[in-house]
């Protein structure tokens, strides 16, 4: 089914992302466990798409999310302002003063170097966005009155809580009703699903949501762990960049979900924490494309 | 009842503190809501006593607390190492990877300046230390085999959860059994009690614990809010440094709790966020002392 | 003439400012002439009003200005994004690669301390905004279709070049045509007028613009130097905060410009570079108000 | 014509450079368009030769240039002091307070990384040094009374304005009159010439100056664009380090300008922004030399 | 002779190191000669073993050393606290106020990059630890009452002064008396021996101490320069990682010193300052092992 | 005896200072004992006069001193370059690699704040400049051929070692022989004299040098401790700024040393570490002057 996108003239937003925006704490060249300074940024799997499209490509984007109204939440807001992403649909939740009932998400992340892998330590339990429930966001105003060309969400948001999976479904339904393209990044995170039903629950949720998706994104692990497909002939550690090996799996995905217009996969081989090979095959029902593989060295 | 302290020769520790150690995130001269950098420190009301006695006065001190075993917890550990406070009784709790079940406490704090008040934003729900329960710490080994001259805890620790109040009681009982002096800093925090029973519960807990205390610390708000005493003739905003005005209340406290050997109160009048007057009266049943009031300007 | 403000419901913007946005280079605690590091900010007399209303008071504001499309201009854009001020009416001008034909404005500013005065060094010749000409901005779309409740510009923008004074007049006329309140900050800068006609020209320009203003802002020097009024009984160095002394001058201003609804003056007495007394009288034709004088110490 | 250099004993300076010194603003590991901090340095094509000879090799060097006497100019002076380069012939020009009539040159430069090229953004219009005119510098005192062994200038200085080309000629004539060796770095910059006559004018100016030069420096682009020579068999993108390919062109240069004692060319092949191959052939009328090619990785 | 290690249950310390702890001043990405900022760390050849075992492997370690009791010494103490290494046996020496009689050791170190070698500049004359004399430390209390499983010292400590070599001998004797394993890192530094007898003296001291060692560490230069062995067939610049080439020398060492249980050698080939190949053969009288060679790139 | 100063036209230097230049390590807003970062500067009592006259007043100045030729010495050189002070008479001494025989001076200094006094920790034993001996510097070339209008040294340099006192005398004699004015800052430092003869030796040295001085500088403590005068009616802690109280002492100094043309004294009363009152009386045989007292608050 070829993708058909609404005209910019009738839409306030080129893209709207639904997901969590966390405060990212980054020790720079040092390590989390011994640093004395953190640089802060904002980030989140779904939000990053909206931010990149705004600041790298100049598109008009917005984020649907929720934050606690305390100084940490307001700092995330300041970072979103710098990111140029519209905040009209950001919900502010009252603070309880200590973070027992509701919190803002934090993500401590350090870079790897050579033989030392990168380290992430997310602190995102009980966040405002994980408590978002269906019926809260006025999706018809967003997709209808304001107008949106493309809606993006993903498997991290859907794994935050039982209610966020329902919110994702509600949003997708509304998006399709108003003609927005729907993309979904599977982004399987075992640690998030572990506490709310594990891989079984992940597959149930993702398979249901996949029925409403136009453009499905994910890497090889996502398709297997989050949707239950399997890849023949690919070794356990996913150390090969050979896009051809993924062709049968992608074909199976397209067969299983005929609603999909595009399936895109990123392939990474980490030669060391500093040196990675990247590839990106992209498939539509009757055609495929592939970015030239390239190697990137991090600083 | 005059205080009698155990000989140093029979004790491994001069003082042991029981309480939470949080990661303190400090934007320096900037504000939390617009900064891009945080300096980190460790801190906590009860722990600060152990750290100050170690690094300012050279005493041997330890902290009893709990942390999640993830990079943030290990950073707090690194800061406690720098503080020189013994960690033998620090409990490490396994990480769930996302901070839903158990977390480490964080405290975002910015300095006030002139007419602008200081700002604190604590994020301490669901912390490892708040889940500490009686029967976990080997108090007899600590107070008996190792030996401790002075045990300190307080009203912040007791307000973390229902179980921490019980742990405080268990610890005090063991301390007294082995001859350690027990001090308690009331440190009333409305935001902490709000979610677990409010001021009523605070008074119940603090009054029960007060029966085991030798040295009681607190300011005027603590004695009224946390223990239920009242001060006649002191205006609502506590803007006076007149130590004499507190005499009747302190006398009442000493009468009500004959187990107390010393009651000490700090008095502060904030002329601006940068300029504070400080006083510190200290009373024993038949004598009083008082530090000369002084004025301090912060940078 | 009492001020009448348009309903928020019919306006996209609470306030729109017309003026230059410069890159501000700030050596922190050091001095420009010996530093090795600059912190950067964005700023400009008229723009600062829009930014403050957005980030301190949450109003929807925009800036009308122009920047050269090079990395320095894009950095100013990044800072305006962080400021949350709408950029839809920001004009991007092509770069000539060396800054001969058109540039972005820079402002090097260091703080004073005690007996040492603050230092400013502006580098704003040949800027894109100074080359703005009438007929460029679609004011009817801004004030009509989008809707604006309050329009603000001032004497710095009017002094950038001959054409900016004409742009200010064009904007004010359009603002009034669409019912927006017009405010003007005299902000007299001798250095800017020096090269384009001096004080004589300043008075001619400001007097003509004043006829369209609803709310006129300025300090005592502005009313005398930029509009030609005089203050009896005020000493040469303006070292008094006595608001009453300015009453006769403000009355004269209100008589001379019956179109004015409000005249507001800030009074400052610099006791040292670090210690200033501030006052702020505000007058309408038949009433006056005055902020309580206060003293502020800078860090 | 073999080079003959004056004795050190009769010369105050080993080398004098004539050119602009700009304030260089460097965002470190970040990018200009999103940074909040700049490290500052001083720099300029001709000046860098004098600074390197002083601080790497300990020679006595001076710079002839001009700066506006404001805090930015004095910061450049502070950096030149640190560079150890004599400032006796630096001309200070009065400030107009806003940078309309005369300014100091600025250069915003960010490092490339991997596939991302380095970025430069120079802001050098209307600078003090571009307004230098013949008759201003006392060249006879410099080359005669003080004594100079080697004089260096180049095509950037000659492209600043019509008058700087004349100053370069005046300086060279004086240098040769007093026995100083004259070197010239062609350093062709299209952006500088674009506004003052383009490539045609560049060739006219450089060809005239080349008649007075003893040592001519440049890369392959310089000899073609700035002097009008052509290289047979070298591909368009100059991606080869094969020094032999440049031999015919250098021979042609030596034939055309018999006054030249040495022609030196640097060859660079950028494998990525971080990884460059370098070569450096150097030719005299009857001999050639060549540095061993080497590869350098930037951080 | 196989190594036999004492049970942890009877020992307070897993390892005790005897050596100097210097304040390390590190200019980061800049160079010592032009920087304006230093990051400080603590370090010392023997101490680093104790610190690494504590913070990377969680073992209980202590350092025996001496510092002057002034702010620099107390800063080193603060760093040792952060390192988690026990300071009970650190001797504090009174300050003379100017550093004539006794000082703390400093070590200025900058990283190499590519063709530029790393630079070290140690300033460790007249240090407190170099004035340590036999009879000062209560070794029997340390090795006997407290209990130590492994004692480590080395050729840097032994080269600080005539008295430190005697202290090393005294410590080793006590260690062996109480059953601690003794390791010794030869770590030959020509600059240290130069002023106190040169290579001859180094060999005399090291050979005497070697008689008490269980585990001997060193690279190829150490065995030749510090102990007087020679390696056949290894080229002058030690540019080969071929562990087999060192086999005959290590066999000779084991023959000469039958008291040795293990000899371990690290092999490094510096391909550039940023890229090094590492190997590590380890030999016992009747067996050898070898770490897989690996290549490490520094940032 | 009125001062008569040589014409600038016959002198290369307005002032030459003889003294030590130390590397100053400054923890900024933090404390030495807990910081992790130092900002570095250069400084020294006598040198600071030359630097201030150069960079604040634009005079041509030089320093006579000695440094070890290692990276720390070269860093001090870089700082002196930035200071603009001529280094022609700076002696470079070979490094021994470890700092046993000869070193560069270091000075760790932290700011006081409020009730907390400033802290200094100098590490200047065995420095190159303390080993300077008579006969090393070519004073006749400096004062004769180059020409110097004013020579400055002081009691810190004279206290570095026995030989520096002799060098000071040699320099003064040469200065006077060539018509340079000689100034001397007593600057008594007990810690420096303590190890080389104490206050007795200080008085002997300073009294001998005073015979050659034209302008004598010092505070009340200097005249008493270093020259042996006494002040009647001044309390022990020198807490008064009353310049009149010092008149009798200054008169006595002028009587005892008829060679003095001027005696200048600075008076300071430290109200806190952040707030100081300053005064500065200056006396010639038949006249006195005095700077208006002022109060300065440090940041």
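Every chain is named by a letter (A, B, C, D, E and F) in the order it is written, and numbering of its residues begins at 1.
Convention: contacts are C-beta pairs under 8 Å (C-beta built on N, C-alpha and C of every residue); 3 or more make two chains touch, one makes a residue touch a chain.
Not measured: the values here are computed from a predicted model.
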Chain pair with more C-beta contacts, E-F versus A-E: E-F
Copies chain A and chain C touch via same or different residues, half shared test: same
Interchain centroid distance [CA atoms averaged], chain B/chain F, Å: 50
Geometric centre distance via CA averages, chain F-chain D, whole Å: 43
Geometric centre distance via CA averages, chain D-chain B, whole Å: 65
In chain C, residues with contacts to at least two other chains: 36, 78, 299
Footprint of chain A on chain B - complex, ascending: 25, 31-40, 70-72, 74-75, 77-78, 96-101, 103-104, 106, 108, 110, 119, 121-126, 190-192, 194-195
In the complex, chain B residues that touch chain C: 29, 113-115, 274, 299
In the complex with chain B, residue positions of chain C that touch it: 294, 296-297, 299
Touching residues on chain C, where the partner in the complex is chain A: 78, 81-84
